[in-house]
Amino acid sequence: MVIQPMELLEQILFGLMIGGIYGVIGVGLTMIFGVMRLSNFAHGEFYMLGAYFTYTFVTLIGGDPFILAPLAAIAVGAVGIAINKLLFKSLYEELKEAKGAAAFYFQDLKFIMLTIGLSILFVDLALVLWGPIPISIPSPLTKHIIKLPGGLSFSLARLIAFVVAIATLVGLYAFLKFTKTGRAIRATAQNPSAAMLVGVNIYRIYDITMFLSTGLAALAGGILGPIYNVYPTMGLDVVAKAFVVVITGGMGNVIGSILAGFLIGLAESLGGLFLGTEYKQVVAFVIMIIVLWVRPEGILGGGRK
Amino acid sequence: MLGITKDVVTEISKYYLIALILLIPVPLAGDYITHVTILVMLYAVTAASLDILVGYTGRLSLGHAAFFAVGAYTSTLLAMNWGVSPWIGIFIGGLMASVFGLILGVPSLKLRGPYLAISSLGFGVIVWLMLINLDWLTRGPLGIPGIPPLPRIGPIDFRSKVAFYYVALAFTLISIFLLHLLTKSRIGKILMSIREDEDAALSVGVDVPLFKVYAFLIATFFAGISGGLYAHYLRYISPEISTLGESIYILSMTIIGGFGTLIGPVMGAAVLSLLQELLRSYLEYRYLIYGMLIILVMKFFPSGIYGIVQFILRKVRE
Amino acid sequence: MILEVEGVVKRFGGLVAVDDVSFSVKEGEIFGIIGPNGAGKTTLFNVITGFYKPDSGRVRFQGKDITGMRPNKLAKLGLTRTWQIVKPFLGMSVLDNVLVSIYATKGVISGISEKAAVEKAEEILEFAGLLHRKDILAEALPHGERKRLEIARALATEPKLLMLDEPAGGLTPTEMDEVMEVVRRVRESGVAVVIIEHNMRVIMNVCERIMVLNFGRKIAEGSPEEISRNEEVIKAYLGERFHVRS
């Protein structure tokens, strides 16, 4: 098999673009784990809701999905907070009382099952509200094709999606690093009881984290909506990938997840090129399993066992 | 043996006798009920086998459907390509599932909590992708139709639902009885000590890695055998039986049923399967109700259906 | 000598938690390890019992080099530990807690008949004053009884050396006396005991020899009498305003 250099370059660019989106989805998932110590299996459904909310806003209000996606993200984030208060809050309280290794394990199981239930419920809700047929969010930007020398081309929509993803990741990093709330989030992730001692209201931090996490997933859904299809089970297809990113980057490690997003995006793209598209999907999982077995703390470390 | 006393055997046996007596007349209720019961029984064994891992050893697995599928494909391919009798093929399928259990189990020995969950999820997805992509062997996403039925014994033709029903019934009762004995045995107690606290178990002399591997071998073996029976019953399989969704379905039977009780997952298999059938008429709202139920049970009855049944029995006695 | 520790060093990143510590324990004695918080006592314990591998140094048990050996192997050899924060198998009955030790050390598949195993477990529970509790779940036990269950479970491995990590921690004075009574009886049965303890009253009453750690280093060793007069020890403790009263 001969691979043209241009083909390779194209795949690298595509890999980086999709990697940025993986990063945005993965960061949300890793934050929940880092701060609340919980694995959210409904994360993909917030991505799906983001896409449908954007679609609904576009049809109701009119306007470009790239402008309305952040709005959808905020709306989905609000749903996230509501779920956090309604369903998860009591779990945190129980977790505080938990004694013995098994008790933590049982809480994990309970939470995983709860989020699986949520995931099933949301998928069906989307089915009822928006129907089973895949839709595409109309955006004129998908028709703008950017041509690069050498025959490379991609739509303006992809470029914008990539820029939005990068801007979001940089913004999130700055928020966590430099703002008071960001510092409180990091303190809670490191040591919740110490954070409480210095006056951090950790339940408020959990709400904020949930808002950010679900909002980020929704934003990714919104900006991918015009490029790919939107359908009720799209979240299920992405949640496993999001966990791959989170594990590879080290659970709870924000920077790690961003890097892992790019790594997985690239590896998939190149894997598709070299191994054939049918094995594209396997690449990500093989990377994750190797990371788990060789370096379970993730590529950057810092992940908790 | 293994610390199983005669008293334990007699005490357990009576429940299985009652179950046997109750289940023998089921085929009288017609083909549809027989069919649903067969599937419930195969799922029940799979969910109970998963309970050895999830409920007893404290090892969360999100890829159990992969082992079910390995059993199903092994027996099918053996029968179709090499003419191996399904009676033997199903058993080899169980062993093959255990081999896959080792491949997943050994490298993930040190992983805990969500790491193990995601590792098993990834493993399951890889098996699913393999079944789709190795089409020279598995015929890819279209699946394999025309799987031979269980070979006839004398005048008994296992293409008939009623005949197969009794095979499945015997298999189910024996498997669950064996797993039940296991949980009451020394091995069961050692596995529970690992669930309760790995470090403490190590410090009193438990070879924790070894017993985790045992748990994997046992759990995957029974899942594999159920898969084999499933293949020769429906006589059609596809990679769909190994999806993440399917693994989650099995796990929800185990957890919603009441993990760590063995009988709970059996109840879970029955209730969730029946629920699926009952909700069929609500079509598009089916999963809405299903998801809601999972949330409600986990929120208000985390000990699952088994816990609810015990709660009701206690109230009745009072 | 039943236990010989030679120049053990354990580092975590840049921090030296245990710094070149050597000591030995005689057959049948009660040996105490004390020191302020963060002195490296528990780390040293984890190195000896196989939960951590030392960066350098050796540990010998009954003359045999056991450095880096896995904890379950050590328990089978006769070196068993308890935990500062007790780790009973909460979801199992008190009797099963003790049976696990017996199965694990005597053999799961054969080695001891079920009848003999249960008898032995009951004998040990009797010894620890928990026989009347044998059928309830460990999670129903109050803290003092959990501490005794922890010791009972360790005793069921038939140790030759029992390593107790703060057996009196977090107990009321009455509960403490009950636990110490059990410890004394353990020694009478010929088992050597190493105790880490914060509580001076306990350690001074029960130990024959004491080693003092500070910042990972051994600063003194001797009889309780000698230790209580040692200048450096007093300084180390006063520096931390340690509760010398019980």
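Letters A, B and C name the chains as they come in the text, with residue numbers starting at 1 for each one.
Definition applied: a residue touches a chain if its C-beta (ideal position, glycine included) is under 8 Å from a C-beta of that chain, and two chains touch if they have at least 3 such contacts.
For clarity, every value in this text was computed on a predicted model and none was experimentally measured.
Trainee: Looking at mean CA positions, which chain is nearest the middle of everything shown?
Mentor: Chain nearest the overall C-alpha centroid, as shown: B.
Trainee: Could you pull out the chain whose C-alpha mean position is farthest off from that of chain C?
Mentor: Taking each chain's C-alpha mean as its centre, the farthest from chain C is A.
Trainee: Provide the C-alpha centroid distance between chain B and chain C, rounded to the nearest whole angstrom.
Mentor: 42
Trainee: Quick one: chain A and chain C, Cα centre-to-centre, how many Å?
Mentor: From the centre of chain A to the centre of chain C is 47 Å.
Trainee: Can you work out the whole-Å distance between the CA centroids of chain A and chain B?
Mentor: A distance of 32 Å separates the two centres.
Trainee: Would you give the residues of chain A that are in contact with at least 2 other chains, written as numbers and ranges?
Mentor: Counting only residues that touch two or more other chains, chain A contributes 100-102.
Trainee: Going through chain B residue by residue, note those that touch at least 2 other chains and give them in order.
Mentor: Chain B, residues with two or more chain partners: 195-197, 199.
Trainee: Show the residues in chain C shared as contacts by 2 or more other chains, in ascending order.
Mentor: 87-88, 90-91
Trainee: Where on chain B is chain A touching in the complex?
Mentor: 54, 58, 60, 107-108, 110-115, 117-119, 121-123, 125-126, 129-130, 132-133, 195-199, 244-245, 248, 251-252, 255-256, 259, 284-288, 290-295, 298-299, 302
Trainee: Going by the contact rule at the top, pick out the chain C residues touching chain A in the complex.
Mentor: Residues 87-88, 90-91, 139 of chain C touch chain A in their complex.
Trainee: For the complex, which residues does chain A have touching chain C?
Mentor: So the residues of chain A in touch with chain C come to 99-103.
Trainee: What does chain A use to touch chain B in their complex?
Mentor: 33, 39, 87, 90, 100-102, 104-106, 108-110, 112-114, 116-125, 127-128, 236, 240, 243-244, 246-247, 251, 278-279, 281-282, 285-286, 288-289, 292-293, 296, 305
Trainee: Residue numbers of chain C touching chain B in their complex, please.
Mentor: 49, 51, 70-72, 75-76, 80-83, 87-92, 96-97, 99-101, 103-105, 108-109, 114, 117, 153-154, 156-157
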